[in-house]
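This report concerns only the one structure given below.
Chain naming follows the written order as A, B, C and D, and within any one chain the residues start at number 1.
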Amino acid sequence: MVKVGIIGSTGYAGQELVRLLLAHKDAEIVWYGSRSYIDQDYADVYGNMFKLVDAKCMDDNMEALADQADVIFTATPQGLCASLVNEGILGKTKIVDLSADFRIKDVKTYELWYGIEHKSPQFIEEAVYGLCEINREKIKGARLIANPGCYTTCSILTLYPLVKERLVDVNTIIVDAKSGTSGAGRGAKVANLYCEVNESIKAYGVTTHRHTPEIEEQLGYAYDGTPLMINFTPHLVPMNRGILATAYANLTKKVDYDEVRSVYEKYYKDETFIRILKKGVCPETRNVEGSNYVDINFVIDERTNRIVAMGALDNLVKGAAGQAIQNMNLIMGLPEGEGISLPPMFP
Amino acid sequence: MVKVGIIGSTGYAGQELVRLLLAHKDAEIVWYGSRSYIDQDYADVYGNMFKLVDAKCMDDNMEALADQADVIFTATPQGLCASLVNEGILGKTKIVDLSADFRIKDVKTYELWYGIEHKSPQFIEEAVYGLCEINREKIKGARLIANPGCYTTCSILTLYPLVKERLVDVNTIIVDAKSGTSGAGRGAKVANLYCEVNESIKAYGVTTHRHTPEIEEQLGYAYDGTPLMINFTPHLVPMNRGILATAYANLTKKVDYDEVRSVYEKYYKDETFIRILKKGVCPETRNVEGSNYVDINFVIDERTNRIVAMGALDNLVKGAAGQAIQNMNLIMGLPEGEGISLPPMFP
Amino acid sequence: MVKVGIIGSTGYAGQELVRLLLAHKDAEIVWYGSRSYIDQDYADVYGNMFKLVDAKCMDDNMEALADQADVIFTATPQGLCASLVNEGILGKTKIVDLSADFRIKDVKTYELWYGIEHKSPQFIEEAVYGLCEINREKIKGARLIANPGCYTTCSILTLYPLVKERLVDVNTIIVDAKSGTSGAGRGAKVANLYCEVNESIKAYGVTTHRHTPEIEEQLGYAYDGTPLMINFTPHLVPMNRGILATAYANLTKKVDYDEVRSVYEKYYKDETFIRILKKGVCPETRNVEGSNYVDINFVIDERTNRIVAMGALDNLVKGAAGQAIQNMNLIMGLPEGEGISLPPMFP
Amino acid sequence: MVKVGIIGSTGYAGQELVRLLLAHKDAEIVWYGSRSYIDQDYADVYGNMFKLVDAKCMDDNMEALADQADVIFTATPQGLCASLVNEGILGKTKIVDLSADFRIKDVKTYELWYGIEHKSPQFIEEAVYGLCEINREKIKGARLIANPGCYTTCSILTLYPLVKERLVDVNTIIVDAKSGTSGAGRGAKVANLYCEVNESIKAYGVTTHRHTPEIEEQLGYAYDGTPLMINFTPHLVPMNRGILATAYANLTKKVDYDEVRSVYEKYYKDETFIRILKKGVCPETRNVEGSNYVDINFVIDERTNRIVAMGALDNLVKGAAGQAIQNMNLIMGLPEGEGISLPPMFP
């Protein structure tokens, strides 16, 4: 039984870790960290966990936690994990960091986009970017996993085969993404009130969203090793969960649907959690809700010589907690799908 | 491995059976019945099941199905199960009927409220009302289960201890219930379109809803054996899932919170799926979403000498498919919570 | 042209006043008060008002405002209006108070339910309860209007004819009410975040909601002059606007639909803003959204000898800003429906 | 008083015409056409109109209507208006067609994208494309107006100044659009049920949506007179109303925010219904709900040399009924904003 500690267990992603881990056969949560709710019953913070979690919230003492846990998940604001981690801790436990602290290899890029100083750049090189379908083998031996962002997981998986096989002109990539509101977190802000979000859609962080360099770096690895440059525009959608990425790019040559499909299948056909939909079927976030699946499809526009590739996932599962557990499973030698293989819930 | 057939697998309740049974360790679906979609891929009807269900929809030939299945679920319109069942079938398999056909012992009451002739009244007496927490022992030996309605499960469990212990004047019971829209089914009706339901709430079936006599009969068994007479008013709420019952009744004597709570605990304290919330906490449907739990609590109004008792459940789980599986587990000697013990999903 | 000042113009009710007054032919807003946003552009606080309101937010100096405005609306937290008003102000201007400060004649009842000391009880007697359809004549000459609460307007208008004509046993009245989330205000609270409210329904303030004594007092005037005692239970519904009140009471004698309808028509048939729906049609909040209408209907249950009466309104219009303007129109001798006669917006 | 007839008054756009025209000082509806509901009370079809519309639904006899109405609105499926109109009718009345029948000058393009034969191509040349801000003068003298589509109005107005002033490479235009569900109409289809749309987002009609050639043609007029070629991808959003268009294009030269802004102001600064937002503020559909406004803004991405231009409108108002009335006002010599100048409703 893998002993698990969660720092930041009372955010939406942290609570999703709890939900999934409670049904995980080989894992046990030993630490419900939450600086904001120390000593309060976890089930008072999340009523759905009443009678299911009988524990009080703990602080974020990673040193103490490292003695008790085989794996630590940090579902915390940017900067916290980097400020807590050290060699002693990494010698005793594995860390899956759901924040952005170790996702970007170039510390200057990190500091530029996130506007904070990185407190432990010495671990950046070691950290493995935990996009399981792409980096599976590296993940298995890692001590420190940079769990990918929600938008980035969706965007990268949607475009990866096209970029890898140079089917698209990488200078023309545009990702127009749409997210449910849980991605905005549980902080008490006017902008996230029910009446402010409901019955509306808007773009935000246009040209400046911090998932942009993460997508650019990872897609760059699939291409020539250097970051690409794309446009990425997130939108806030009045729904709880779900991300849809609609990606556009010019094709580098004349191809038909089947040729492109075979490229997607080359990379994904054995992937449990990636579903390439039937021709003509567009991904819908409802079809992956509550699950670790990513639904992908594409349409070729012969008129404009562009491809429109689309991906959908649940931002709290494959976009956060589910992928974090997938990473844990890989690190700990458990079946990759353990605890995250439930069918999507609809409606 | 229990072999399961579903007649009516493409309604929302039928699909919820599929979702839950796919994760059930001891059950296997052998028949996806759906008269409307015969020969179509099930996953074309429910995109969330893509790559998870590889089967085509079958007809509703219960005779043929009885030879293949240990348990048949009928998630079909009123009247269909009664028109198909016969002694031969019941000799070969167990039936859990999610429709109302065998819920009401008095066939005249059934025919009056449902407006159709009952086609196999000879099985009504034998049928066991599958409210697991109340009728557990009877269910274990049954061949034919009348799976309770969604509103009725919520209303009865909320009021049962109060009526059983005669804490309330049974002539004063009023149940004001609120349901998510999945309860209205997947039929293509203007009234259930997104724009018609969204941003609105309304009562419907006022004084005439067909779950009324079912609640009255079952609460009557808890009292003096004859049906009570209550007011029941359902409302349509702009959300997918969830039922909240707010019940009112006059108290028969002066009692305080702890006394009433001990009565609830007398009946429910060992029940896995019933959670009596902490004092002062009101049930919320979000806290049971996707799960088989029923959350219950109450407030005593000393000013008016009334009790306000509240219950919340997921209409598709404890209110339909989850309870049906709970019944199957009981009948087949499986652990009662197998396949239906997942934590509620929030948000 | 009536000059209008609004104290508390950046809450949802305050902003609704702005929306409606901008289209009012005979009124002009001269003061956009908002303690929280002083000196900020009003249109920066409410983006829908961009290019429509060119003004900065002002403080809540009622003395200064009284010199400029013919009418002051206070859409502020409980206690503020009572702390600001004085004889000098009332000598210069009219006040329509959207808070509860002057709604309840018995100051002890106010202080008990609201938990604050009343700062100007000397004006309570003079204040007129601004339920226009009931108190129209008194309103016309008033200096200080207590604009009714949202739940109370809906509950009282739904029950008034029944109580007035003694058709119901006033000891059996139960009001189960449902409200959209704008009623919770624009304060940044976790409980009102999109993901917390969406896809859920709950009761709150059970037996303790502060609109209870207001309903009891007003219905008492319709009966024998002393407050009734009822049960009132509000629920939070995942929608922006709308209140539905479902009221239950025992009938005092055998009556049929037409008899009761004639009683409703006796009081409401000439009321522009009260629509008694056709027999069999239940009120739906969507049908009054954005408008000042109240839709009412009822069902008689011969089985239980109860009546189920239902009313629907828009909590921000007839439940707040619309009725406040209706009061202003009456006070200032303008056509009662000016500025509030727009058709409901659907969908 | 302008006499108005509506053919197709029971669709969402038709009903929005009714809502707006009821508050129009100079117009009177004389004909509520609805083939589906002939002889039924209009207020039985739309409950919000109870006591506001006292009329029965009529057929679609345009000949008879032409004798009674000064203006006929056709809010009908594609092909109907073209099949009914003739010279006699156009000699007696004006027609504002909300369908696509007369929007596209090249009848082959129309027939290709719409898949139906055009029944009166002889009127295509005469018809004026009723995008008021662009074609105001032509509209004033027209007999037949092709009222623009919802997506197209939003897309064209967002991009028009950029294309007109050749600030963008027209071969790189991509429009990613998002619409509320009222755009899907009131037909009873499973895909538009509440539970199917709620809590999900999807693209549809990818590369094939019929508003594509309309945008291409109109933007082409702004450029060199021949249609452009763009990518247009619509998405279905779980909300009632609103369209957001997010448009991408490569800049043709290095420009800064102020330069581009001055180009927008060159075309729109005197336009009542176009609001160029403050720098840094993104359009949100909630801020235009219920109104005829279009909110527009843009961001320049120096990294990629692209511009991201965004526009938001209410699909039923500026995207349909509101613009139709704006056209009527222009044709009949009424103030352009009469009946459509209400502030947006929020929340």
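In this section, a residue touches a chain if its C-beta (ideal position, glycine included) is under 8 Å from a C-beta of that chain, and two chains touch if they have at least 3 such contacts.
These numbers come from a predicted model, not from an experiment.
J.: Given that chain C and chain D are copies and touch, would you call their interface same or different according to whether over half of its residue numbers are shared?
T.: same
J.: Quick check: more C-beta contact pairs in B-C or A-B?
T.: Of B-C and A-B, it is B-C that has more C-beta pairs in contact.
J.: Compute the distance, rounded to whole Å, between the mean C-alpha positions of chain A and chain C.
T.: Distance between chain centres: 46 Å.
J.: Provide the C-alpha centroid distance between chain A and chain B, rounded to the nearest whole angstrom.
T.: The mean C-alpha positions of chain A and chain B differ by 36 Å.
J.: Approximately how many whole Å separate the CA-defined centres of chain B and chain C?
T.: 38
J.: Chain B: which residues touch two or more other chains?
T.: Touching at least two other chains: 12, 182, 195-196, 198-199, 238-241, 284, 286-287, 289, 347.
J.: Inside the complex, what are the residues of chain A that reach chain B?
T.: 12, 15, 18-19, 22-23, 44, 46-52, 182, 199, 240-241, 275, 277-278, 281, 284, 286-291, 295, 341-347
J.: Chain B touches which residues of chain D in the complex?
T.: So the residues of chain D touching chain B come out as 12, 181-182, 184, 186, 188-190, 192-199, 238-240.
J.: For chain B, which residues are in contact with chain C within the complex?
T.: Result: residues 172, 174, 176, 178, 180, 195-196, 198-204, 206-207, 229-231, 233, 235, 237-242, 244, 246, 248, 282-287, 289, 299-301, 303-304, 306, 308, 310, 312, 347 of chain B touch chain C.
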